[in-house]
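Note that the chains take the letters A, B, C and D in the order they are written out, and that residue 1 is the start of every chain.
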């Protein structure tokens, strides 16, 4: 057996995928915590447990993401944009555009007929368009991240966040609460402002159907709905949006 | 946080309560007020005049008057340090620099745009480190060689912090770096007022010896810190409240007041 | 090429030394030869605070000057060069003379400030603001900056030139009153001739970069441009240097020697380089990225024959105006409406056959940033050439993240490969 | 169409739905020409019977489209204006006239032509100094503008038509001054918020209608009963303020805004244009020299070879001191939008100047968005407290 392993160490979560050719044989997602090196090792152990595959059988290993350099056992490092493109293609062959919403940034990637990156744009160095923004707001509203989507879909009149800064929006959210806005409306507001930022990225790089969403953002139905409304498309959502980049890394690891 | 200070006619502080601030300001105000009154064993009716200040000043149902935290701060700080010319206040929501002369506010600068220059910066990051904010000061004192945090945005500072940890940098050195970061940001802003002694540092962060040192270093002047750096605003409001009350009494004008009549003043700092 | 770089630096340093030997000096905005020849002919040594901002950035003294400027109450989002200079001037006033930490001997107190109305407001508001720190008179030199259609209207060229000539006469009158002496017109004629010649050679040199592999990299352009862009010191010596440079590049062309080992990608760079991290380009060079054309604002004008123009001031006016509007005719034909700053990149990328552009928006220099998004869009739409955007700053190092850009490099290569194919399909010549 | 409404009510109506009248007139076959800031020569549009319509941004609308053609580090007002244009909200305009007022304004005109490209457009490359050469050049540029207008409209733009238009606009300027006189009493006869509504209305309708509106407003406010007393009178200097939200905020925390030096205020209407046999020359002069926007480089005297900082400040800012005295203001708000260079550079000098004069000033640097105004509340309130 010639397995290959892809490791994606993100700012919030770390993901690992073992593939056999294009087949996923094992995958896992863990919080990155405060030390990327440790995160990488924990991932490896976790995967060993889950897959019962001994590391001798793993021929090739590639790492990507924020902490790519911290993965001691990685054989090559690959930029996460390429990984994401390859990953999504192995799941949806028809996808030409990916919206990748990560913990600290968002990016839009165009993919050509050969599955290569034909264009990409990354959000500015600002967390406002990222999942972290949601985390912060969820935190002050004291709602579980997993419930955000549901709640936001129930919004009556979403609030508008005109300010850019994610942390700054915190106090804005607080005052909205005291003005009597519901959690639902505030969350929907956050989703909208993230969707706005993302539509700017889409405008900048253009898009071609079909469009998929990956990264943590792909788990948030509220955000998905907001993006679909703002950009005017239906998004294809993989079963495990978070692991797509790691999957791509695993696939590319095998290539010479 | 929500603070109450009750003073008597001799400016003596009779009751101090510091409670949390949540989204529901109004609720908080009543809670903390209740505690303050119990604390000094007087009925609410005996509160003569009530000034609310700070972020949620409009949300204090029983306040007779609202005055901004800037004016109140100047007054409060000048009460504890009559010689103060520059006051730096690093709160959880914002950071301010005040230029003060003879207890009067002359000029000010303020940052409420970006968390990086406020107490929030340390709160967010210490939470991430799993360290209580109270412990930051003592820990940073143990730092051998502090790191430099270059990101301005709190969230990216967090990222920097993690990569330092991944490189095996000690937590102490990182915390010291965070203290420098916040100090340099705040001082850079306050410098616009041309910092003159005496310089007073207030706000929750002033309890953090590490930050006090960092500020002292960046300013290059001695930094004075009140015994209770959290209540300067509330205290100032109380003093201003008393003045309003006495002034009215002199001119025997009747002050507009929420239903109450008695002789102390109370104040809120939310 | 490195020895040559050193020699150009030498010439530049010498001129700074000359200033310190007590010649009257002026602080001057880059003015694209509109004011320089007159300043030189009046026997005044010009020093360029914009360039000095880059020097301070490279030497790492800028940060402290920026903070002084902030403390002075100027908005922190202003031009990094301006903030650096205001900080420096504040120090100079406090100390009563040049701060010891000032790199390259610092800038001595000027007899006047030559501001510019061209390209951005900072270039005159900044010198106006220096009035807080010393009582030095300011002359703001006007330069027309028409739109493409307006600039190509009947009679527009003539009255824009007439404007510049009148403006120059007023400027000369100002200088003669200020310095209490008359302009030496013969000297002016000579200086103009030298500056034109220097620009001609420099232009021809850059033309040589169109061949594959490109014999000269942007890094070398930026170091070699200073003599031409900030004329100072012995012009004849400079002309010889540019002559040698031309020969050197010509030789490389004949021997098919590229500026980098293996030219895989021909790149354009816009606009101001990250002076403090130029090593960044060497890392990209290892990946086969050869930067073959760059920074429109730093380039000499497309040559025009001015031999028939008798009035030296009119010759200057036409020359500088040619620099600004040299691409307007083709912009008009292409129906592109941002004729300077933006359109030239379309022309560059086509004629230098670039595979991609690296665009460098600056947080504190809006002027060098405003056009970049439009350039990115037009390059893609009109020429099917992709651009990668790397944010940074000219002075504030904190804002530039080369590591990030290098992480993206491999992905961008995939991107450029894709559009090579697209261009081939669409029958574009490269 | 609401024509039955008069005076302040009418002004407010137009303020709230600016384009309504312009679109009516367009249906009647009039050409509506947008213009950005106060440097395009609107007399010339009026003279060829077109309707000048000033374009603004919208602080209440998040910027989503503009960011792909302008970086986020430029004037947020102009970004917002472009954003609205890209969203098609100015599609009713037949043309657009822009000027080289400030740098980003100039860039915006090229971007506007590239992406929105209205039927007619013209860019006036306004010079940056008051040099003689610059004044003559400005006239040449207006000559070009005239040619282009004649080509577009097929009308001859004669000096008589031009002078007639100048008279009409001077009339409007005179009436605005009259209105501003009514801000001098204490309490003023008209609030800052109402004033802004009126002036923004003027910039949305033909000059004749504007003059009638002004007349109505002046009669109405002089006649109505006195406004409530407040113990602080403020003046506002700086970048464009095109939404009442900011003024409401000021007048909501215990002050009246009694005077301004902004381009939707006195700066736009106080300079008048002389009627001469060379109208282009007097327009060129008035617009370049008389409009007191810091975008123009000014010296205390032309071509001065000796410089004196105090003299310089005096020549640049004395008119503000006169405003403060005549309108009896207690303090001045210095407002420079984030990334607005031309105003930002003035601030330390202004603070020096007013410091000398013992006049209290506060400097604010907001972003151009409704939510960015909220935090200003405390600052303005505290400033008012320091004045007492």
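Convention: contacts are C-beta pairs under 8 Å (C-beta built on N, C-alpha and C of every residue); 3 or more make two chains touch, one makes a residue touch a chain.
This is a predicted model, so every value here is computed, not measured.
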Residual chain clusters - subunit D taken out, nothing else repositioned: one piece
Label of the chain whose CA centroid is most distant from the centroid of subunit C: B
Contact pairs, highest-scoring chain pair: C-D
Subunit C and subunit D, separation of their C-alpha mean positions in angstrom: 34
Interchain centroid distance [CA atoms averaged], subunit A/subunit D, Å: 46
Distance between the centres, which are taken as Cα means, of subunit D and subunit B, whole angstrom: 40
Multi-partner residues of subunit C (at least 2 other chains): 72-73, 373
Shared-contact residues (touching 2 or more other chains) in subunit D: 68
Residues of subunit B engaged with two or more neighbouring chains: 112-113
List of subunit B residues in touch with subunit C within their complex: 150, 152, 188, 191-192, 194
Complex contact set, residues of subunit A against subunit B: 11, 32, 34-37, 66-67, 70, 104, 125-127, 132, 140, 165-168, 170-171, 174, 177-178
List of subunit C residues in touch with subunit D within their complex: 72-75, 77-79, 115, 117, 119-122, 124-126, 128-129, 131-132, 135-140, 142, 144-148, 150, 153, 155-156, 159-160, 162-163, 166-167, 169-170, 173-174, 177-178, 336-338, 342, 361, 363-364, 366-367, 369-374, 377
Residue numbers on subunit D that touch subunit C, as the complex places them: 68-71, 73-74, 100, 102-104, 106-107, 109-111, 113-114, 122-125, 127-129, 131-134, 136-137, 140, 144, 147-148, 294-295, 297, 299, 303-309, 312, 336, 338-339, 341-342, 344-349, 351-352, 363, 365
Contact footprint of subunit B on subunit D as seen in their complex: 375, 378-379, 381-382, 385-386
